[in-house]
Amino acid sequence: MNLSVPMDVPARSRERYRRRYQALTAGTGRLMLFAGDQKVEHLNQDFFGTGISAQDADPEHLFRIASHGRIGVFAAQMGLISRYGMDYPDVPYLVKLNSKTNLVETQQADPYSAQWMEVSQVQEIAEESGLNILGVGYTVYLGSEEESSMLAQAAQIVTCAHREGLLTVLWMYPRGRAVRDERDPHLIAGACGVAAALGSDFVKVNYPRGPQAASDFREAVLAAGRTGVVCAGGSSDSPHAFLSRLHDQIHISGAAGNATGRNIHQKSLEEAVRMCNAIYSITVENRSLEEAMEVLEG
Amino acid sequence: MNLSVPMDVPARSRERYRRRYQALTAGTGRLMLFAGDQKVEHLNQDFFGTGISAQDADPEHLFRIASHGRIGVFAAQMGLISRYGMDYPDVPYLVKLNSKTNLVETQQADPYSAQWMEVSQVQEIAEESGLNILGVGYTVYLGSEEESSMLAQAAQIVTCAHREGLLTVLWMYPRGRAVRDERDPHLIAGACGVAAALGSDFVKVNYPRGPQAASDFREAVLAAGRTGVVCAGGSSDSPHAFLSRLHDQIHISGAAGNATGRNIHQKSLEEAVRMCNAIYSITVENRSLEEAMEVLEG
Amino acid sequence: MNLSVPMDVPARSRERYRRRYQALTAGTGRLMLFAGDQKVEHLNQDFFGTGISAQDADPEHLFRIASHGRIGVFAAQMGLISRYGMDYPDVPYLVKLNSKTNLVETQQADPYSAQWMEVSQVQEIAEESGLNILGVGYTVYLGSEEESSMLAQAAQIVTCAHREGLLTVLWMYPRGRAVRDERDPHLIAGACGVAAALGSDFVKVNYPRGPQAASDFREAVLAAGRTGVVCAGGSSDSPHAFLSRLHDQIHISGAAGNATGRNIHQKSLEEAVRMCNAIYSITVENRSLEEAMEVLEG
Amino acid sequence: MNLSVPMDVPARSRERYRRRYQALTAGTGRLMLFAGDQKVEHLNQDFFGTGISAQDADPEHLFRIASHGRIGVFAAQMGLISRYGMDYPDVPYLVKLNSKTNLVETQQADPYSAQWMEVSQVQEIAEESGLNILGVGYTVYLGSEEESSMLAQAAQIVTCAHREGLLTVLWMYPRGRAVRDERDPHLIAGACGVAAALGSDFVKVNYPRGPQAASDFREAVLAAGRTGVVCAGGSSDSPHAFLSRLHDQIHISGAAGNATGRNIHQKSLEEAVRMCNAIYSITVENRSLEEAMEVLEG
Amino acid sequence: MNLSVPMDVPARSRERYRRRYQALTAGTGRLMLFAGDQKVEHLNQDFFGTGISAQDADPEHLFRIASHGRIGVFAAQMGLISRYGMDYPDVPYLVKLNSKTNLVETQQADPYSAQWMEVSQVQEIAEESGLNILGVGYTVYLGSEEESSMLAQAAQIVTCAHREGLLTVLWMYPRGRAVRDERDPHLIAGACGVAAALGSDFVKVNYPRGPQAASDFREAVLAAGRTGVVCAGGSSDSPHAFLSRLHDQIHISGAAGNATGRNIHQKSLEEAVRMCNAIYSITVENRSLEEAMEVLEG
C-alpha cells in the first residue's frame, strides 16, 4: 500500500512512523488488534466463569496468545505490559492510555475515562526498555457530559504520538444519558468522522446490528476518510458467525480491520491461537471465510 | 485597505501577521471562510442523507472544494488537515481549536467545548510541515454555565496566536439554559462586543431573523469595532436566497464576510466550487448579486 | 502624598511602582478610573438604545473619551486595548483581567469570572508594545460558591503585579445566592477588608444606598486600611446628583476616588469629556461641587 | 527544650528551621499566636460594632498590638503584611495561606478555602523584603466534601515550608454537612492526629465544651504526638475566664499554646497589649493565673 | 525467589529496585506490611477507647512497634514519618501518598482520596534524610464516581515510583453508591486485575467473607498475575482466628502477604511486637499456625 504519513509527524519521526505502520499492518493497511484491556473495563467478568477457559484467569494467558498467535498488535495497559514484556519481547504492543471499570452505570453518571499516562512517558519507557511499542490507544465516550475532556485528551494524544512517530487507535463509543441507540449506523459514522477530525490512524467502533449491518457500515468507513476503521469484536460468538461477520466488514463495508478480545482470550491457548490466526488470515492475508475456517480448525 | 496590526503582536511577528492578513482577505479586509468543522459539531448529519451529494460522505470532498474553489480560508480541525494537507498544499488553512458533538442537548447540560490543542502546537506543526496555516478558530458559548472557561481559553488563544503572528476567528454563540433567543439582534451585538474585548481579528456570529435583519445587524457590526464580523451561513438554503442575504450582510449591515459550510459542501464538487466562487465574488470581489448568480450558474 | 511601597514589590520594581502610582493618581493618592469593561459585563445594553448617544455604539468612543478627557486610568480588557492602543498611545491603561456576561443570573448559578491572562503576559505585551499600562484589575464575587477560586486568583494577581511594579484594583462585589443585600454597608466594609488582606492598592466597591450612605461608608474606608477605596459609578444618573454624591464620597466618607463608566460613555464625546473633567476636578483636583458643575457645563 | 527537626527539613535549611522555631516559641516549645486573619474569615463583624473598640476598625490596630504586645507570632494574610510590614519590621509574622468568607453557610455548601499563594512565593517575598516571616498557616475543613483538596494542599504546604526551613501551623476544623458536633473531643483528637500525619509543627483546634473540657482535651494532645496543639481563642469572653481556661489547657491538657484574635484586638490598644502580655505570661513564661491577672491589670 | 524487575524500571534504577524488593520481602516475595495510616482514615477511633491499649493514644507507639517487631515495611504518611524517623532510623518505610477521613459517608458522596505528594518529593526527602524508604502506597476506590481521578493518579504513581526504583502497594477497594457488595470475591478479583493493569508490585484488598473465603480468594490471586496480593487485616479479631485466616490466605489462596494495623497497634507494645512476629513468622518465614501461636505467646 501507498502510505501517506500525516503532516503532524515531524520530519525526524517520519521514518519511525512508517516503520511502525508497516509493522502494525504487515504493509497492508489492515490491522488485526488483539484487545487485552478488559481487566479494567470489565473487571474479572471476561476472565473467570462459566464458558471461559480456566487458563484465562491468569493475565499471562493474554501474553501467551499474543506471542504465539498471528496478530498486528496487542493492546493493553502499560502496567500489564511492564510486568510481562521481558518474557514476551517480540510481541508488538499498543499501550491503552485510559481505562475505567463498568461499576458506575450510565444511568448513575455519564462515563468518563481519564488518561493514565502521557505519551512522552510511554515513549521514554519504550526507549529505556526496548519494548516493541508501536502505538497508543484511547477511548472517547461521545455524548457523555464529560465528552469535552476526552476529546481534548484524544487530540493531545494523537498530536503527541505523531510527534514521536507512534500510531494511534481511538476507541470511539457513543455513550451517555443523551445517547439513545449506541448502535445506530448514522451515529457510528459520526463517531468515525470525529476520529478523522482528531487525526487518528485508526478508529475502533462497534458494528451496527441487523441484516443490513455490512452495507449500513459503509457510511462509517466513508466518514472516517483516511482513518482506518476497525470493528470491535463484541461479546462472545460462535467462531463461524464471528469470522463471517468479519469477512463482511472487510469486503462489504470496507473496514480496515478488527479489534478482538473475548472471542480470542476466553478460549484455551491452543484454540485462542488458532482463532487469532483465522482472524489474521481474513484481515491481513485477505483469505476467504472457508480458508479462515480451515485455519481455525487447524 | 489600511491594516492596523494589533498591539499584542510583537515586533518579531508583525510582518507574518500582515502577510497572513493579506492572504486571508486578499488585501480587502473581507473574509470568505469555508467551514469544514462540522464532522464533530454535527456528526454525520451534514454529510450523508437525503438532499446531500454522495460525494460529501468522504471528508476529502471538503479538501477538493477548498482546493478548486476560491476561498479566503478553509477551517477544520488539525487532525483532518494533517491527513489531507500533503495532497492539498496550496489551501489556506484555519485550525479550529475546539469542537463538540451535538449529542448532549442544552436542556440536559449547558454547552462546553474544550480547547484541543495549544496555539504553540499548531505553530510547531505549521513550521515542521510547511502547511499554509493562516490562523486559528475557537467557539465560545456565551450564557452557558461553562462560559468562564471558554472566555479564558479564547483570551489565551488570541494572545498566543497574535504572539505568533497568526490570525483569529471566534465563533461567538449565545447558548445555554439562560439564553432565551439566540438570534436576538441586541444579544448578537453583545456577542460581537465580547469578541472585540477579546481582541479577535474576526468574529463569526449567527445572523438575526426577520425582515429587518440586515439593518438590525448594523448594531452588531458597530459593536465589534475593529473586529471583522463574519456571518454564519446557517442551514441549507436556495442559492439565490443565500447570496441575496450575503449581499445584504455586506452592503447593508457592513459585515466583513461570511463563513459557509453546508451551503457549499452538500453539493457535488462542481456545484460546490461554483457556489464558493459566487460567494467569493460578493464577499471579496465586491460583485453584485446578479454577477454572483452568473458565477454560480457557470 | 507620602507613598509607602508595599513589601511584596521587590527592590528592582519599586521605582516602576512609584512612578506608576504617581501617574495613576497625579501624586495625590486619589484615583479617577474610567471603566470601559462593560462590553462583556453588560453586553450591548450600555452602548446602544434609548437615552444613549449613538456614538457609544462604536467601542472607539471609549478611547476617544479616554484620550480627550482627564482621567487617572482607563480600564478595559487587553484585547480591546490591543486593537486601539496604537492610535491612543498616551492613554494610561489598566488591564481588566477577568470578565463575564450577565446572561446567567444569580438564581441560576452563583457568579464566577475567570482570569483571562496572566500578569506576566500583560507585562510582556506592555514591554513589547510600549503601551502605557499602569496596572491590572480583577473582580471577586464574595459570597459566591466559586469565591475560593476568585480569591486565589486575586491573591496571585496582586502578588505577580507587585512583583512587576504594576498597580492593582480589585472589584469586590458580594454576590451569590448567599448574599441577601449587596449594598449593606457592613458587608461592603467587609469586602474592603478582604481587599486589604489581599494587599490590593485600590478596591472598587458599590456605594451603600440611603440618606446615611456617606457616613455609613466611612466604615468601609476604615476597614480598607491602606488600600484606597474607589466607588463604582453605578447606573446612569443626573450629572448634578452624580457629582454631589462623588463629592460626599471623598469629603465625608474619605474615599480615594471613583470608577465611572456609563455616566461618562453614554454621552456624546463632547459631553463625556466634560463629565470626565468634572469628575476629575473633584476627585484629583479637590474642587468643590460648584466648580465641578462649571467644568461640566464648559 | 530539646528540638527535634523533622526529617523533611533538608540539611541546608535545618539551621533556619531551628532558629525560627526558637524565635517562635522563645525556646520553650510553647506558642502564643496572635490571629489577625479574620478580616476575610469574619468580614467586618469582628472589627466594628457594639462592644468593639473603635480602634479596631482600622487594620493597623492589629499591627500596633503585634508590635507593642508580647507575642510568639502574628498571623495574617501576605497582602496585609505587605502593606504594613515596613512600619512594623520587628513583628514576627506567620503568613496565613488560605482564607474564605463566612457568607456561604455550611447548609448551602460544604466549606472550601483555597490556597492563595505558594510557599515559594512567601519565601521569595521574605528574602526580598527582609520581613521576619517565621512560618505559614493553612486551614483544613475535615469532613467537608472538599476535604481531599485541602488535605492535599496542606501536605504540600508542610513539605514545601519545611524544605525552606519555615514552620507550619494547621487550623484543623471539622466542618461540613457530615459533621454533627464540631466540638466532640474525640473528633478534635482525630483532627490533631490528621495534623500529625500531615507533619505540621503546630495544629490549631477548637477546645471542647463542658466541665470536662480540660481533661477531655488530653486525648487530642496525645493524638497530635510531636505536633504541638494550640487552642483557638474563640469568641469574646471575660479576661478572667479566658485566662483561666488557657491555664487549664496548658497545665491540665498539655497544650502547646494558644491562638487568640478577638479576645485581644477588640480591645483598645493599651488593653489589648496587656491582654497579649497576660496570655504570653501563662503560655510562654509559665506564670500562674494570678500572676497573669496582675499583668492584665497592669 | 526469582525476581523479575518490571520493564518500566529504567536500567539506572534496577539495582535499587531489586535491593528494595529483597529488603521488603526478605527475599521471599512475601510482604508483611504494618499499616499505620489510620490516623487519617479512621481519625482517633482506632487509637483511643474501650479495648485499646492506652499506649496506642500516642502515635509514637506505631514507631516503637515497627522498630521492635519483625515487619516487612511500616506504612504511614510522610508527615508522620518525618516527625519520628530520626529516632527510628532502621525501620523500613512505605509512604502512603493519599488518605481521607471517614467523616463523609458513601451515601452522602462517593469517596475520593487525593494524592498528597509527588513521588519525586518522597524520593528527594529520602535522599536528603537517609530515611529507609522502600516504596509508596495509594488507595483507589473502584466504583466511586471519582474513580477516574484515582486510577490516573495510581498509574502515575506506579510509573514514577518504578522510574526511581521504588516499590508500590495499591490499596484497591470497591466503594461507592454503585458498589453493592464490597466483599464479593468476583469483584475483589476484578480489583486485583485492575492493580495488575496498573503495574503495581503489590495490591492490598479486603478478604471475602464466608466459609469458602480461602478458596474463593484464589480467583483474586490468579487475576493479579505477577502483582502480589496482600490481605487487609480488617477489624480487630482474636489472635488465633486472625493467624489462622492469615495461614489460609497464604497457603490456600496463594496470597503474597498481609497488611495489618489495628490487630497489632491496639495492643500494648509487648503484645503488639509478639503479634508482629507471629504474623511475620507465617507470612515470611513460612511457619505453621501452631509455631506462630507459640511466637505470639512468647
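By written order: A, B, C, D and E. Residues from 1 in each chain.
By definition in this document, a contact is a pair of C-beta atoms (placed from the backbone, for glycine too) under 8 Å apart; a residue touches a chain by one contact, two chains touch by 3 or more.
Given the structure is predicted, the values throughout are model-derived calculations rather than measurements.
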* **Smallest number of contact steps required from chain C to reach chain E** => 2
* To do: Provide the labels of all chains in contact with chain A and in contact with chain E.
  => none
* Asked: On Cα atoms, by how many degrees is chain B rotated relative to chain E, nearest 5?
  -> 145
* **Copies chain B and chain C touch via same or different residues, half shared test** => different
* Using mean C-alpha positions as chain centres, tell me how far chain A is from chain D in Å, no decimals. => 56
* To do: Mind checking the centre-to-centre distance between chain C and chain D? Centres are C-alpha means, answer in whole Å.
  => 35
* What residues in chain D touch two or more of the other chains? -> none
* Chain contact topology (line, ring, star, complete or other) -> ring
* Considering the complex alone, what residue numbers of chain D touch chain E? -> 4-8, 10-11, 142-145, 147-149, 151-152, 155-156, 158-159, 162, 174, 176-179, 186-187, 189-194, 196-200, 219, 222-223, 225-227
* Can you list the residues on chain B that touch chain A in the complex? -> 37, 39-40, 43-45, 47-49, 57-60, 76-87, 99-101, 103-105, 108-109, 112-117, 121, 125, 128-129, 131
